[in-house]
Structure formats: structure tokens, C-alpha cells
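Alright, structures below, take your time with them.
Next come two complexes, and both contain chain A; in the first it sits with chain B, in the second with chain C.
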Partner chain A sequence: MTQEHLDGNTLAGPLSEIFAVDVTTATGRCASCGMSGPIGALHVYGPDPGLVGRCPGCEEVVLRLVRGPGSAWLDLRGTISLKVHLPD
Partner chain B sequence: MPRLTWQAAELVTSTPETGTARTLRLRVPGWRGHLAGQHVDVRLTAEDGYSTRRSYSLAGPADGEFLDLTVESVPDGEVSPYLTEIMRPGDQVEIRGPVGGWFVWRPGGDRPVLLVAGGSGIVPLMAMVRARRQAGSDTPFRLVYSVRGPDNVYYADELRRPDPGLDVSYLYTRSVPEGVSRPAGRVTQADLAEAGRPAALAPDCYVCGPTGFVETAADLLLALGHAPERIRTERFGPSGG
Partner chain C sequence: MNVISRGFHGRRRDEGDRLPPGQYLVEDFPVLSAGPTPRVPLDRWEFAIDTEAGVTHRWSWPEFQALPQETPTVDIHCVTEWSKLDTSWEGVSLDVLFEDVDTDASYALVYSYGGYTTNLPLEDLLDGKAWIAHRFDGEELEPRHGGPARLIVPHLYFWKSAKWVRGIRLLDDDHPGFWETAGYHNYGDPWREQRYEGD
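Up next, the complex of A and B:
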């Protein structure tokens, strides 16, 4: 990947439209290489036409988020799991 | 926790930091507070309905319903020239936040901290410095601040004042003030080995700046033996503005 990217932190605002918790602190597991890490550490490309989060280990796509008029599309097929920290 | 919504924010004061950057103090009724390192999204909407948004780091810890953003005016930018040159006290923008729980520092940890700033990347790191001072924390902090020249230093007076437990060193990339022996140049491994903290102390490292700077600095920290999970990064986009 030669295009400059941002960090997963930049997903915090856009994902806050969908989720009631801060997903950037959740631990995601990459479906391609199995690496685990915070969503805040993904390599993020965008913002247009949408935000693409890639694994910092293998650069495969972990998630994609497109905000359109009246709806948001979230593609998580590159994510095996999301571990979300919740108080008991 | 409710989902975040856009809230009206009113400009209270606008203070110059450098020739091109200003700190905006905004009043946001009902602000819930935030952590050092978090950012807000700012949305501007034109009369014809066109709207655009940018993310800005918060420059200090929460102060009731007041919050500070430091904004660098990007030539030909869509948002920053409005915020820094046109907006007047009493004018409003919409903000959403605080967002981002990963690139944050919380007072109370006993791990030393290394902050590495490139240019306007100082902003969220300054929030950490200020949060430390506000909390009366004795966590050792070291700030390595890479900046074009002395005129480009944000928060210059405040950083010059003594703050026990905080060490600040400057890496000048273009113009070097008198009395500084390091020649102008970009951050090197020797800079981070000298001014930074030994990896053996396992400090929490926070690196913020333009993408290229963050990439270089994070690689240098890894080469010096810092563990990847101890290095948190925040890059500014190429689009900016």
C-alpha cells in the first residue's frame, strides 16, 4: 500500500453513529492473518468513497464503513471477532 | 452510554499560537467531559445545505462546558481557514464527541510516558501534559517535539515554564535557534535514543503528527526496542484542512 493512511482512531466518530460503545478500544481479530489488536490501531484509508480499515499486520481489509444519505453500511467480513470491553 | 449526536458549540475566544495556528475555546452546554488524547468531529454546514466535517484533537482536559481545540490553518482547506480566520466569538459550529478511547492517557498509571510530536501533532499530547499537571500526577513525562523552527512551536510559553517531572526537548527540522548544537533535520534514531526514554523502562509511547512523521518515529521506537503494544499512534491525514 503506497497511499498514506490514518489510524483506526479516526473511525471513532463515524462508528459512534452506529454503536453505543467505543469500538476503537475493542479488540478485533483479522480474518486473514489472525492477528488481534485494537480497532484504533488499524490502518485506515479514506474517507471517500468510504473508510477502509486494514490490518496493520497483513494489510488485508478488516472493515469498511460507508455513510450514505439516510443510512450507513458496515462490512465486517474481514473480522473474525470483536471483543468489546464492558463493565460487569 | 447514549449514542453521540451533534451539539452546538459557541466560540468564546480565539487565541493565536503561531502565525498560522489558533486555539479556539468553545462552550458546549451539557458537555460530558473527555479524556486527554480524545478528539471531536467538527461539522460546518453552508447555507445551501452542503456540509463537511473534520476531526480535531482536544488541547486540554475538560473544563466544565468549555473545551479547547488548536487548529492549524491549512491553505485551501475547507474547514480550518473558516475556524481560524473567519469565525468570531459568538459564532457556532456543530461538534460531536468526545471520540476515540485508544489514543488516550489517564492519570494514575505508574508507567513513564514518552510523547513524540511532529508539528501540530503536539495538540493531543499537550492535553496529556495538561491532564498530568491538573491531576497533580508524578508520572515521569518526556516530550520530544519535532518542529520546523522556534516560531512554529505551539504553547511555547507554557512549555518553557518549569513543570516538575516533565522534560521537553525540541528537534528543529528547518531553522535552528542560536545556541542549539543539533543541526536542522528530521527525527533520527539517535534523537529518540538521547531525548527519549530507554526501552528497558517500558514507557507508554504516544506518537502524533503527519503520516510520514508517525511512520518514521514509530519505526525508530521499534528499532530501539520498544514493544509494539506500548506504542500508540495518531496520524493526520493527507487531505487535512
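Up next, the complex of A and C:
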């Protein structure tokens, strides 16, 4: 089967506009199936009309990111939690 | 006096007149997807209209094929700025599908195989403005373009023309869909360049 989606690490640049940390290395938990893993492992569709990150386990939407002129819209409702690795 | 080229050299005048602001013409047919392409076997395909009173009207693939078919030729406009003129489709007018539907709803939420949704006022689906299309350019509609069947609402940006359409839920209140809840405009009129929320 042809792989339709992009690599999850394509989210790194667009998300770095919003977050001070590299979110692709953060651990996300899918709100649909509960699977957890790095954001960089999501199956990503787009980039147009927006980036859609789907769970590699169940293919449900984990995050959506739309970049318009002067604004970005980030929807994380498909994410239960985001564990961000920070130094002590 | 400044002489400014507007970039219309070499383009037929009528094509320029048919191009909404901020759009450019394409000859190919770009594919944009928000998820994996659903594969829907025709023996399991159905299209439904769910009314606000809880009544569901359903059509199987053979029932849908038996309805009167139309062959609209329309211009389509994607919010990502490409437009394609004179696209030819075959399908069933929403007016036919709504013939026996009793509703006072003002809004429609279109839903697709694969989970996609998009919203629009019900009146934008009626009076010859929208079709459920299953053929494009004389061929069966390819899955990557929304086959077995997709909605065609050419007077709005093309994200409203949901691929892999499965049904329409009629609602008293507006319920924003997939892209409409992620920054895109709730209505999406290309002639008013309603791309993003607030445009």
C-alpha cells in the first residue's frame, strides 16, 4: 500500500513557531485509543489546507495545525496529555 | 501615469472573469487529504439524510444509481488558491435527494467515510447548487478524488465539497465541521475570499 502520510517530524518547523520546546520529541497520548508515543511518530497529512497529525495506532486525529496570515490555529483535542521533557 | 500589469496577458478574458480574487488556474487536479483514503465497497456504501426530527432517509448504491442523473460542468476553487475551470461531473442533484425529506432545519452537517465533516446552510445545497457526484471527466470517481461519491458545491471553496460523502445531518443550529473548527471560514465564499475565520 502506498504511504499517503508524511513523516511526523515535518511538524517540527510549524510547531516551533508556537512552542519554545521541540514538541515532536514530547510524548503524546491519543484521546481515542490511549496509545502514547512521540509527536514525531504521528502520521501527518497535509501540509494544505492544514497539518493533520493522526495516531499511528488508530488513525484518529491527535492534532491539527492551520497556519493563516498572522495567525496559527492549533487543535489538540485528540491529545489527552503531552509530556514535555524538560531539564531539572 | 503608472502603467501596471495586472498579469492578465495571455489569458482569455472570460477565464479571468471566472477566477475569484487570489486564485490561480491549474490544468491538473491537485489532491489534498486530511487522512488516509477510505476504501468503501459499493455493496456496503450508503448515503443518508438525517432530519432534525430523527428521521433517516437512506439510499444504497443501486438505489442511488437509479435516481435521475445530471452532468454539471462547473468551476471549482480550492482555498489553497488553485481554481480549475469547466470540470465535468455526473451525479444526483441534492434537490432530487431532498424531494421526500420533510425538514425545517436551517443548517447541514455533511459527514464522510473516514470521519471528515463540513457544515453549510441547507439553502446552499438546494435549488441546483449541489450534487452527489460519482463520475468525473467521464470516468468513475477515483478514491483519491472522493470516490465512490463526493459532494460537489462549486460556489463555495472546495473543502465544502466533501470527499467520500456518507450523509447529511440536518440541524436547527450551525455545527462547524473539520476545517471550520481549525481556523477556516465558516461559510467559505471564494468571491468574497472567505478563507480564514474572521475574513
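Miscellaneous remarks
In this text, the second predicted complex is superposed on the first by the 85 of 88 C-alpha atoms of A that agree within 3 Å, B and C clash if a C-alpha of one lies under 4 Å from a C-alpha of the other, contacts with A are read in each partner's own complex, and residues count from 1 in each chain.
Just so it is clear, a contact is a pair of C-beta atoms (placed from the backbone, for glycine too) under 8 Å apart; a residue touches a chain by one contact, two chains touch by 3 or more.
The structure displayed is predicted, hence computed values, not measured ones.
In the superposition on chain A, contact of A:D88 is made with neither chain B nor chain C. Shared-chain residue A:D75: touches chain C; no touch with chain B.
Using the contact criterion defined above for the overlaid structures, shared-chain residue A:G13 touches chain B, although it does not reach chain C.
By the document's definition of touching, of the two partners only chain B reaches A:A41; chain C does not.
When both complexes are overlaid on chain A, the residue A:P49 reaches chain C alone and has no touch with chain B. Of the two partner chains, chain C is the only one touched by A:V66; chain B is not.
In the superposition on chain A, A:H5 makes contact with both chain B and chain C.
By the document's definition of touching, of the two partners only chain B reaches A:T25; chain C does not. Residue overlap on chain A between its contacts with chain B in one complex and with chain C in the other: 4-5. For chain C in complex with chain A, the residues that touch the partner chain are 32-37, 78-80, 115, 159, 179, 181-184, 195-197.
Only residues 4-5, 43, 45-46, 48-50, 52, 54, 59-61, 64, 66, 68-69, 71-73, 75 of chain A touch chain C when the two sit together in their complex.
Within the complex formed with chain B, the chain A residues making contact are 4-10, 12-13, 16-22, 24-25, 38-41, 47.
Residues of chain B that touch chain A in their complex: 1-4, 39-41, 53, 55, 96-97, 99-103, 211-212, 232-239.
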